[in-house]
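These notes open a run of structures that come right after.
In the two complexes below, chain A is the common chain; its partner is chain B in one and chain C in the other.
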Partner chain A sequence: MATTRILEGLGRFYIALLLGFLYLPIIIMAAMSFNASPFYQLPFEWTTDWYASLWQNDQLIAATWNSIEIAVITTLISTVLGSMASLALYRYDFRGKKVLQALLFPPIAIPWLITGTAMLIFFFGVGIGRGLIAILLGHVALALPYVIVVVSARLQTFAPELEEAARSLGANQWQVTMRVTLPWIMPGVIAGGLFAFAVSFDQFVVSYFLSTPGQTTLPVEIYAAIRKGFTPEINAVSTIIIVVSMALMLLTARFFKFGGEK
Partner chain B sequence: MAGVQVANVSRSFGAHKALDNVSIDFADGGFYALLGPSGSGKTTLLRQIAGFDFPDAGRIAIGGESVERVPVEKRRIGMVFQNYALFPNMSVADNVAFGLSVRGEPKATIATEVQRALDLVQLGKLGGRKPHQLSGGQRQRVALARAIVTKPRVLLLDEPLGALDKALRVDMQIELKRIQREIGITTIFVTHDQEEALTMSDRIGILRDGQVVQEGPPEEIYDRPQSEFAATFLGDANIFRGDATGSGIKLPDGTTIKASTGTSVPAGAKASCAVRPERIRISTGAAKPDPANANTLKGQVSKRIFAGNNSTYFVDRDGQTLKVIVQNTGAERLAEGQPVVLSWSPDSTVLIAAA
Partner chain C sequence: MADQLAIGSRRGLKPALPLLLPAYLWLTVAIFLPLSAMVFFSFMTDLPLAGKEWSFTLGNYAAFFSQSLYSTLLFASLRLGLEVTLWCVVIGYPAAYVLAKVLKGRSREAIFLLVILPFWSNGLVRIFSWAMVLREGGILDTALNAVLPFKINIDLMYSYPAVIIGLVHSYVPYMVLTCYLTLQAIDNSLIEAGRSLGASRLQVLWRVIIPLSMPGLIAGAALIFVPVVGSFMEPRILGGRTGTFYGTVIEDQFVAVFNWPLGAALSFILLAVVLIILALAAPVLRRAG
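Up next, the complex of A and B:
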């Protein structure tokens, strides 16, 4: 009995340590974004000044809007294209299908630094250059494999007889897709979309390579601001990003976990 | 409503001939069973008729109109799948409404027709449920209602009762037959269950290795099988092999067996005789010889299986084990090891030409 209790205690301590290690820095940062002292001095003095001054920081706000715009457009494009690609891979057998499927995975594993460099060179080569369009194209390319992987995983649980049944009832390919297949893979499509949003919104490395001083995203702008000199404004904006990102990830987890039922 | 003609249809998958020159005429309003072991091509044939797959050669006509290159969605067929294939995201009523809805029928018409179809399968009150809230038998009925609500020309059933337990299967057999009669639709169903084929269908087509082995009414196939395969696949049969004598066969040990049904085989050619286990009389040899049961053989009971209303005796004779089914009439039961005499009529003996 005693040993069990000790082991249980150790287990709890371990979990506490793990969670502390994960979340303590974030909690401190979030707390400091509400602390009056710019030098992290205690005692803690409550203020929302940093959030207020964030509001005045035009560059940061412009970059935030860029990030949101790019993330939303990336999500739309990569979710639609990725879902279509998954359906094509599911339905049709064609030459080079296996190769194509294999080629979809490495971009997830290739370091973003290398992808970023390669994209920069490529975009200059083809005349797109740097800027928001380049960032958008880059993000779509990065997000696509994630969408395809997630939607394809969902399609694995789809019973092909359902499409056959729909066709036997007179439905054409479009009706089959919209009324039978898409409703079934929807949780996967939403999860894939959330992934795409996260990949784009949190993207620093590739965006850094492809941005110009006027056309930049929030993570790149934060990095630039830190280099100039750290201010608690960064804490404030980081806290906002963390809240948004965590909300997105929790949503993703929800769709993944409960999507498979029914 | 329409008949279906399958003429000289062949279909290969790589080197495998799934269908090899198959021809069957499915008459309008009939109830057909395609019976065969797995890999016999019965499902492939059903998919050709449905239009999920196209034949390499041959013609398929529904109501006299050639359809072998028409895709399934334009063939106006109804199909029930083995695992029902109900749309999980839709209610029962929406499942049934699907076919009418993709055609763009007015909402009021759809509602009336759906209710009528659900009433027909006795699920009138369950329209609001989701498929996962239904039992297997209920899902089966929904699948059937969904397939017939569009008034298809043909109803195709792919092992429709395979996923149900025995008691429910018998209920559904009766139910399916009732509905088929009520709407008078040409129905073709695939099964590997011989009992199902016998009890439900007007005609049976037995398939093996992509070919039609025999086709006809169940009674005809059962009473006059044209091959050893048909004899043993549809029901049980004792098979004797020997040389044709003109009026039966002579076994290698010299015994003759008289046969007065089946094909005629020229004397001297290799031939077989098939005898159903329930047609054979078993006795201890004490009884007087009966001219009506002119075929007799001596043997020894090796095993008896009691099944309540009947008993199955396995009788060994000359290296062969014969099966005899005896109704439980209260007569004396024979013990294992007992010498017995088997006798049966030439009328119950089917002569089959060797393949």
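Up next, the complex of A and C:
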């Protein structure tokens, strides 16, 4: 089967090409953040000045803190509320359950441009206005469906007999949940939480429509900077973001297989 | 699935409510009410704020249908979505096939993770990284001129191809992911049976593998097409002056022109288009389970 081997070799080569396409721009961007020339000129000259100057950029630092704060709060709220909803959808059977499950998809499937502008209109109309509170409201709503889907997937592997057994041994509902169910679904809850953090930390479109000049997040600040013109400083902060979010996803992968391998 | 659930689950909405309410209330306040408000708003003449005069009107929708600019741009965005989706199929499907059927064990797991990892990193930053590659005097320009014996100028930045490249880069992992999941579920013995019955590799591909992986292709296509039609940041950064699409016009109504009712109407038209597309894809997706 020489043909098979040749085809397999070609396949491997193709995957290598695809990985090159996916990673080269990111690697080049990262490399340029260590290049001394402010106009991205070669030859390459090593420097960490651009990273150092990030520390002087108060606006960027404030936006970074906002991003982290919002991502942490989003993670906490959406993980707790999402896990609760997943449990209810798993345990109880009632009319309209299918509808509730279907309602999780609009936040994922509708383009963020539409969701973001709709939130802007509504929050303005009811007096919440723009700012960090509005951004937080939006981020939690975007993260919730991801948490519910991930935790529900984990619950599918849970044997309901375990709850029955604990109950027949005299445990009450709270004890059953905390001592039996929660420990079992913990990997799903952690993965859901990491998804929520990533959704919030990387979110640009919705934050963009809901932010004001003083109350903004890091991606929004970067977008504004890009539109003013490219600087190695943007490369530096972008490199930091990409390293953080990729590390976060690698961590998530430890807790949650993406459905590929069983 | 329903039968399996019934063993451990109990009837009744009442005990489930306290667990469900917080999450769904949040979704209502931050997603469903805003979407309804947007529809309501798209029929208004002005913002109902600070004592401004407003009344109901169909003018915002009339603007869409009377000025060819908006429908032209919507078609440009639909075309962009179609082109990006096609490129993602062409590039992503073979990769998904190699991952599912050629690579094995730990190397498959590692490479699969590497392919979908960028998808979960910041989209804005990844689009920006292409600016480094595509601009004149950028890496592509420098590298090609170093290799080629003649002088050429590669300046793809601020062009339609640049927008396509950036968007394909952003969304191709989606296609790899969905196709990989369906391809992996195809029993290898089906492929072997086809081969041993005398079908050529191409025949097996056309008659067995592609039909069986169709749900993955459709799911990937829907998941890519929909956000691309609504994209505005990618065309702005990589397209420059050529990057005016339906999404950028909606953005303008909200952040530059401040004609929110018109923006709401344009958004709602986009939502309707998106829902029609998702509805068309839904039966295939449901069959995939």
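Following the convention adopted for this analysis, the second predicted complex is superposed on the first by the 247 of 262 C-alpha atoms of A that agree within 3 Å, B and C clash if a C-alpha of one lies under 4 Å from a C-alpha of the other, contacts with A are read in each partner's own complex, and residues count from 1 in each chain.
In the analysis below, contacts are C-beta pairs under 8 Å (C-beta built on N, C-alpha and C of every residue); 3 or more make two chains touch, one makes a residue touch a chain.
Being a predicted model, the structure only gives us computed values, none of them experimental.
Undergrad: Clash or fit: what happens to chain B and chain C when chain A is overlaid?
TA: Fit: chain B and chain C sit side by side once superposed on chain A.
Undergrad: Which partner chains sit in contact with A:164 here, chain B, chain C, both or neither? Use first/second/both/neither.
TA: So A:164 meets both chain B and chain C here.
Undergrad: Could you look at A:36 and tell me whether it touches chain B, chain C, both or neither (first, second, both, neither)?
TA: After superposition on chain A, A:36 lies in contact with neither partner.
Undergrad: With both complexes overlaid on chain A, does A:226 touch chain B (first), chain C (second), both or neither?
TA: In the superposed model, A:226 contacts chain C only, not chain B.
Undergrad: Examine A:172 and indicate which partner it touches, taking first as chain B and second as chain C; both and neither are also allowed.
TA: A:172 sits against chain B, while chain C stays out of touch.
Undergrad: So, A:73: does it touch chain B (first), chain C (second), both, or neither?
TA: Touch status of A:73: no partner.
Undergrad: Of the partners chain B and chain C, which touch A:92 in the superposed model: first, second, both, neither?
TA: second
Undergrad: Contacts for A:251 in the overlay, against chain B (first) and chain C (second): which applies, first, second, both or neither?
TA: Neither partner.
Undergrad: Looking only at chain A, is it chain B or chain C that touches more of its residues?
TA: So, of the two partners, C touches more residues of chain A.
Undergrad: Between chain B (first) and chain C (second), which does A:184 come into contact with in this model arrangement: first, second, both, or neither?
TA: Only chain B is touched by A:184; chain C is not.
Undergrad: For the superposed model, what is the least distance in angstrom between any CA atom of chain B and any CA atom of chain C?
TA: After superposing on chain A, chain B and chain C come no closer than 10 Å at C-alpha.
Undergrad: Do chain B and chain C touch any of the same residues on chain A, and if so, which?
TA: After superposing on chain A, chain A residues 161, 164 contact both chain B and chain C.
Undergrad: For chain C, which residues count as touching chain A in their complex?
TA: Going by the criterion above, the answer is residues 5-13, 15-17, 19-20, 22-24, 26-27, 29-35, 37-38, 41, 47-49, 91, 94-95, 97-99, 102-103, 109, 111-118, 120-126, 128-133, 137-139, 142, 169, 172-173, 176-177, 180-181, 184, 223, 226-227, 229-233, 236-237, 247, 250-251, 254-255, 260, 263-264, 267, 270-271, 274, 278.
Undergrad: Can you list the residues on chain B that touch chain A in the complex?
TA: 50, 52, 71-74, 76-79, 81-83, 85-89, 98-99, 102-103, 130, 132, 146-147, 150, 156
Undergrad: For a test of understanding, state which residues of chain A touch chain C in their complex under the given definition.
TA: Spelled out, the residues of chain A in touch with chain C are 8, 11-12, 14-15, 18-19, 21-26, 28-29, 32, 40-42, 77, 81-82, 84-85, 87-96, 100, 103-104, 106-107, 109-115, 117-125, 137-138, 140-141, 144-145, 148, 160-161, 163-164, 198, 201-202, 204-205, 208-209, 219, 222-223, 226-227, 230, 234-235, 238, 241-242, 245-246, 248-250, 252-253, 258-261.
Undergrad: Which residues of chain A touch chain B once you look at their complex with the stated criterion?
TA: It is residues 159, 161-162, 164-172, 175, 179-180, 183-184, 262 of chain A that touch chain B.
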